[in-house]
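After this come two complexes, each holding subunit A, first together with subunit B and then together with subunit C.
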Partner chain A sequence: MSAIETGSAAPITTQPGTRRKRRLRDRDGMLGSAMLLPAVAYLIFFVGYPLVLAIMYAFSNVTVGSSKFDFVGLQTFSTAIHDPNFPGVVAHTFIITGISQAIVIVLCTVLAFVLAADFHGKWFVRFLVLMPWTTPVALGAIIWLWMLDSIFTPFDWFAQHLGILGPGGHLNMLGHAGLATGSVIAVQAWRTLPLATVIVLAGLSSIPRDIEEQSEVDGAGFWRRLFGIQLPMLAPIILVALLFGIVFTFSDMAVVFILTGGGPGDATQVLASWAFYKGINGGNLSVGAADALFMFPVLLGLAAVVLTMASRRRGD
Partner chain B sequence: MAGGRQIRTIRGRISIYLLAFFFAVICGFPFLWATLTAFKQDPDLYSTGHNPFAFTMSPTLDNITTLFTNTPYLQFILNSVIIGLVATAITLVLSIPAAYALARLTGRWGIPVAIGIFVVYLVPPTLLFLPMSRIITVLGLQDSIWSLIVVYPGFTIPLSVWLLVGFFRSVPPDIEEQAQVDGYTRIGAMVRVVLPLITPGLFTVVVFSFTLTMQDFIYALAFVSSSSNMTISVGVPTNLVRGDVFFWQSLMASAIIVAVPIALVYNIFLRKFIQGFTLGAVKG
Partner chain C sequence: MAIVEVRDLRKEFGGTTATDGINLTTRDGEYLVLLGPSGCGKTTLLRLLAGLEQPTEGDIVIGGQVVTNLPPRDRKIAMVFQSYALYPHKTVRQNIVFPLAAAHIPRPERAEKVSWAADILGIERLLDRKPRELSGGERQRVALARAMVREPQVFLFDEPLSNLDAKLRTSARDELKDFQQRVGITTVYVTHDQVEAMGLGDRIAVLNAGRIQQLGTPEEIYSDPANTFVATFVGAPPMNILRTGGQLLGFRPENLLPLEWSGKQDGQLVCRLEITRVENLGSDHYVYGTIPSLDPEAKVISKIPTTVPLVGTPNSSETYVVARDKLRYFDPETGERIPSTGAMVSP
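Right after this comes the complex of A and B.
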C-alpha cells in the first residue's frame, strides 16, 4: 500500500516540473524562431530567390533589353553547350581550380606549421602572408597584370640574367595560352593561400599539445609525428580549407576578367567569366545564366561534402 | 600564435627561417614590385635593360598625388567604406539574434538551419548576379551604392552567423540563467550580459564582414555604372585604365594604399578570427 502510494506520488511531484520545463523549452523554441526569422528571410530573398530565378532564366529566352520571358525548355542549355568555346571553358575552369588548389593544399599545410612555430620577424612574415588575401581581388589581379607585362616584367630581367632568354628577349607570359593559364593558376593559388593557411592554423591550434609532447617523450621523430599524428588529426580541417579554396577559385571571374580578359583567344576563359561575357556584355541573360548554372553541380557536390562532414561530426 | 611552438634543433630552426623567407617572398613579391613602381617616374619605369628594381631617377610622389587630385579615388574609398559599414551593420543586426538562437534556443532542430545558412555561403555571386541585376532594377537601386549595400549581407550573414555561434557557445549558460534569476528577460540577459562578454568576437565579425565586402568585384561591376558611385575594386580599373593607357604607378599605389591598412588590422585580429573559426568549425 505504501509502495503504491510512493509510486503514485512520485509522478505527481515531478509532473509540474517537467511541464514547466517543456513550456520553457517551447517558449525558447518560439523565441528562437523569431530571432532566426529575419536573417533567414533576408537570405531567402537575396540568395534563395535569385538562385531560383537563375534556374528559371536558364530555361527561358530572357535578354537584357526586353522583359519578354518565355520558357523554352532545354533550348538555352543546348545553345550554351553547342557554343564552340564551351568545352574549353569547362576544361579551363577545372584545370585552373584543380591545379591551383592542389598547390595551395600543400603550401598551406607547410605554411601553417611555419607560422605555428616561434621565430624572429614572425609578425612581419604573417603580415606579408596576409596581404594577398586582404587586397581586393581586382586590385591584386592588377598588380599581377603589371608584374606580367609583356615588356616591363621583372621576370624577363631574371630570365635574361639566368640565360633562359637572350638579351632583349621577352617571355610574354599572358600572350601564350599555356603561360597565361599558368599565370591565372598562380594568381588563384597566391590569393587563396592565406585563408587556407589561417584555417589550417586554426586546426593546428586545436590539437591538444600534450598528445604531441607525449609522442615526443615516446621518441617519435619529426616525420613520424607529422605523418603519424599531426596530419591525420589535421585532415578534416585541411578538407575545410580545400572546400573554401575550391568554391572561391571555381566561382571567381575577377582574376580572369582583369588578368587575361579570357585570352589569348579564349584560352583562359572560365565558366564565371564566360557567363559575364555572354550575359552582360553579350546581353543574353538566359545563356549567361545557363553557363553560370553549370557551376551548380560542383557547388552542390561541395555542399554535400560539408553536410556529410557535419553529420559525421554529430555522430561522433 | 603568441607562445608558438619552440623549435629546439638547429636544423629545425634553419628550416623554419628558410621556409618563412620562401613564403614571405612568394606572398610579398608582387607588393614589393608594386611599391617600387608606385614611386617611379615615367622614363625610369618604361625603360628596359637596367635592373628594374633600382631607381635610375629620383623617386617621386606625383603618381600618388595624381591619384587623389585627378581621379575620384577618394570617392571610391568613401563609397567602399560607406557600403562596407552599412552592410556590416545590417549583418550584425540580423546575425546576432540568429546566432544566439542557434547557440542557445533552438536545440536539435536548429542544426539543419545552421547548416543551411552555412551552405548559402557556398552559393557564389557569379551564379546570382544575372537575376540579381534584374531584382536590383525592379527595386529601383541600379547605379546606386544601395544596390551593393543590400546584396552584400547575402554573403556576410552566413559567415558572421557561423563565427558568432561559436563565440556565443563559449559563454557558459549559467551566466544568463543567473541574469534571468536577477530579473532580466532572455533578450535582456543576452544584450546586457552576454554581448559584452563576446565583444572581441563582435569586433572580429565586423572586421571580416567589412573586408569581405571590399573583395566583391562582380556585383559592383554589374550594378554600378557611374564613377561617382563606384567602389575601389571597380572604380580603380575603370578610371585608371583609359583605352590602352594604363596609369601603372597610380594603379599600384591605389592597391597598396588599400591593402596595407587592412592587412595590419587583420594581423591584429587574426588570433581572434582563428579562435572564432576553431569554435565554429572545429568543435562544431
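Right after this comes the complex of A and C.
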C-alpha cells in the first residue's frame, strides 16, 4: 500500500502546478460561484442599483437643478397621475404594444411555417427575416425616420401611383396622430418579428414528425392539421414569443424618441419616452422616475409568467 | 378487410435504394410481419403502403384499388407508430375522435364509435385523461382504439412494441394478437425482433437490402430458410453453418445433441464436437465448439435444455449427432438453399 502511495505522490511533488489547477477545476461549488460572479455583478450594478435609485427618486422631490433630496411619500406619483397628458401616455403604451404584438403573433406564425418548408433560397430568406434583429434599435429607427421623411418618403410615391394622393401630395406620415401611431406600431412590429419567428420556428421543428404523419394518416387536411394539431401544440411557445415581444415593446423608448419624439403633440408619447422627457429633458427627476415605475408592475407580472412557464416546461 | 398487393415496388432516396423491386400479396385478414435488420427497407415499405412516401417505381393495390398516387387519408388505412404518436394536447377521447371528425362523421355516431372502441380495448376509464398520464401499455391501447374507429381496410404497425420495457412487451404482444384476431383486419406489422415476428405473424416476410428474402409461415421461415441470411437472421442462437464438401451445411443449435441421450438412430450425422466453452442461460445450456471433421474453421453452438444432463466440459471432445432430416444445404456462392445432394456428409 505504501508503495502505491509513493508512486502516486512522486509526480505531484514534481508538478505542483498541475495539481493546483486540477483541484480548482474539480471544486464545483467554487467554480460555479466564480462563473456566476460577472452576471451577478452586472445585475447588481446595472439593474438592481438603477432600480433602487428610481424607486428612491420616485418617493422624493429630487430635480436636476438642485441638490435637495426629501422624501415626500406618494406626492410625486400624485403629480405624475394628475398630469393632463398621463392617461393618453398610458393608453398609447397599451395601444402600441397591443396592436404591434397582435400583428407580430400572426406574422411570426405564418413566417415560421413558410421558413419550415423546403424551398430554394431558404437560407437567404431566413437571413433577411433575421436582419432587423441584428440591427441596433436606434439604427433601425433612424432608417425608418428617413423612410418616413415628410418630403422624401417613398410611401408618397406609392400613394401617388395608387391614386390615393393627388400629384405632388404628401402623406406626412409622422405629422398626423393616426399615421404617426401607425408608423410606431409598424416599426415595433418590424423589429420584434424576427425573434418571435425564430422562437416559433424552433417550436415548430420540435413537433415530432410522427405526430404530423399520424394526423395525415388520420385523414386530416391542411386546416384541421393547422388548427387541430400544430397551433395547439405551438401555443405555449407562441405565448413565450408574445411575452418577450410585449416586454421589449412596452419598455422601449428608442423608437418613439427617434421616430416621432412623442409627437405630433404628444400623440405617440409612451410611458418610457414620457418618463425620459419629464425626468431628463424636463429636469424633474422624481416625476420621471415615478412615470417609469408605472411600467414596473406590468413588466414584473410578465416576467413572473415567463419564469413560471419556463420552470413548468422543465418540470415536464 | 382487404388484400394488400405490392408490385415491383422501388424506392430510392438520392442514390440509395431502400426497396428494390418488392412483390408481395397479403391474404384477406392476414397478420403479415415484415422482419429484417435495421436499414433493410421494411419501414420504408410500410411508409409506402401508408402513403407517407411516394414510390420511385411500382404500384400499391389495397382492396382492389390502385392507391399509389392517393394521399394517406384516401387509402382507408390506419397506422400505429412506434411512439404511438398520441396528440399530447388532446384527451384520450379527443384523440380517438380526431380521425372521425376528419372524416366528417356526424357527432352522435362519433360518440357511439368511441365507446365501442373503448369497450373493446377496455379504456373507458381513461377517456378523459391526457396521454402523459398513461402507461406504455395504456398508450398502445389508445393508439389501437384511434386506429380502429375509422374501420380501416388495413392496419399498419411500425414496431409498436419497441418502446415498451421487456416485461410489458410480452403482455402487449399478446394483446395485439388478440385484438387483431377479434377485429380480423388485414395487418402489416414491421419489426426487427424475431420473437415478435414468430409469435405474431400468420406469415413472415424476411427483408434484407431492400428485397424480400423469404415469405412464409413462421415454421417455414425457421425450419426451411430460403438462404443463409434467413437461416442466420432468424433463430437465437442462429443456425450453424459449416462449409463442407463444396456446399454449406446448416442445422439449428437445438438439433445438435449429445449422442449419449439422443441415442443411436438411423439417419444421423454423427460427429465429434471439440468443446471450447459452456454457458448456462438458465433454461438452456449453450455448448460452443467446432467440428474439425466437417469444418475446423466454423464455430458451432449446441443448445441443450438444462432439464437434461449436460454432456461435455470445456476442452473436451464428445460425440454429438444431428438427425439427417434436420440438415439444410446452401449454395456456397449465392447462399441460396439447394436440395440435399443425397451424398452423405461423412463425419
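The rule we apply is simple: the second predicted complex is superposed on the first by the 260 of 316 C-alpha atoms of A that agree within 3 Å, B and C clash if a C-alpha of one lies under 4 Å from a C-alpha of the other, contacts with A are read in each partner's own complex, and residues count from 1 in each chain.
Assume contacts are C-beta pairs under 8 Å (C-beta built on N, C-alpha and C of every residue); 3 or more make two chains touch, one makes a residue touch a chain.
Bear in mind that the values here come from a model prediction, so they are computed numbers and not experimental data.
When both complexes are superposed on subunit A, subunit B and subunit C fit side by side without a clash.
Legend: residue contacts after superposition of the two complexes on their common chain; A:Gly228 is shown touching subunit C, with no touch to subunit B. When the two structures are aligned on the shared chain, A:Gln214 is found in touch with subunit C, with no touch to subunit B. Set side by side, subunit B and subunit C differ in how many residues of subunit A they touch, and the one touching more is B. Of all Cα pairs linking subunit B with subunit C in the superposition, the shortest spans 10 Å. When the two complexes are laid over each other on chain A, subunit A has no residue in contact with both subunit B and subunit C. Residues 25, 28-29, 31-33, 35-36, 38-40, 42-43, 46-51, 53-54, 56-57, 107, 110-111, 114-119, 121-140, 142-144, 146-147, 151-152, 154, 156-157, 168, 190, 193-194, 198-199, 201-203, 205-206, 222, 237, 240, 243, 247, 250-254, 257-258, 271-272, 275-276, 279-280, 285, 288-289, 292-293, 295-296, 299, 302-303, 306-307, 310, 313-314 of subunit A are the ones that touch subunit B when the two sit in their complex.
Within the complex formed with subunit A, the subunit B residues making contact are 1, 3-7, 12-13, 16-17, 19-20, 23-24, 26-28, 30-31, 33-34, 37, 45-46, 48-49, 51-53, 90, 93-95, 97-98, 100-102, 104-107, 109-111, 113, 115, 117-120, 122-135, 150-151, 153-154, 157-158, 161, 186-187, 211, 214-215, 217-218, 221-222, 232-234, 236-237, 246, 248, 251-252, 254-255, 258-260, 262-264, 266-267, 270, 273-275, 277-278, 281-284.
The residues of subunit C lying in touch with subunit A in their complex are 50-52, 71-73, 77-79, 81-83, 85, 87-90, 98-99, 101-103, 132, 146, 150. Residues of subunit A that touch subunit C in their complex: 208, 210-211, 213-221, 224, 228-229, 232-233, 235, 316.
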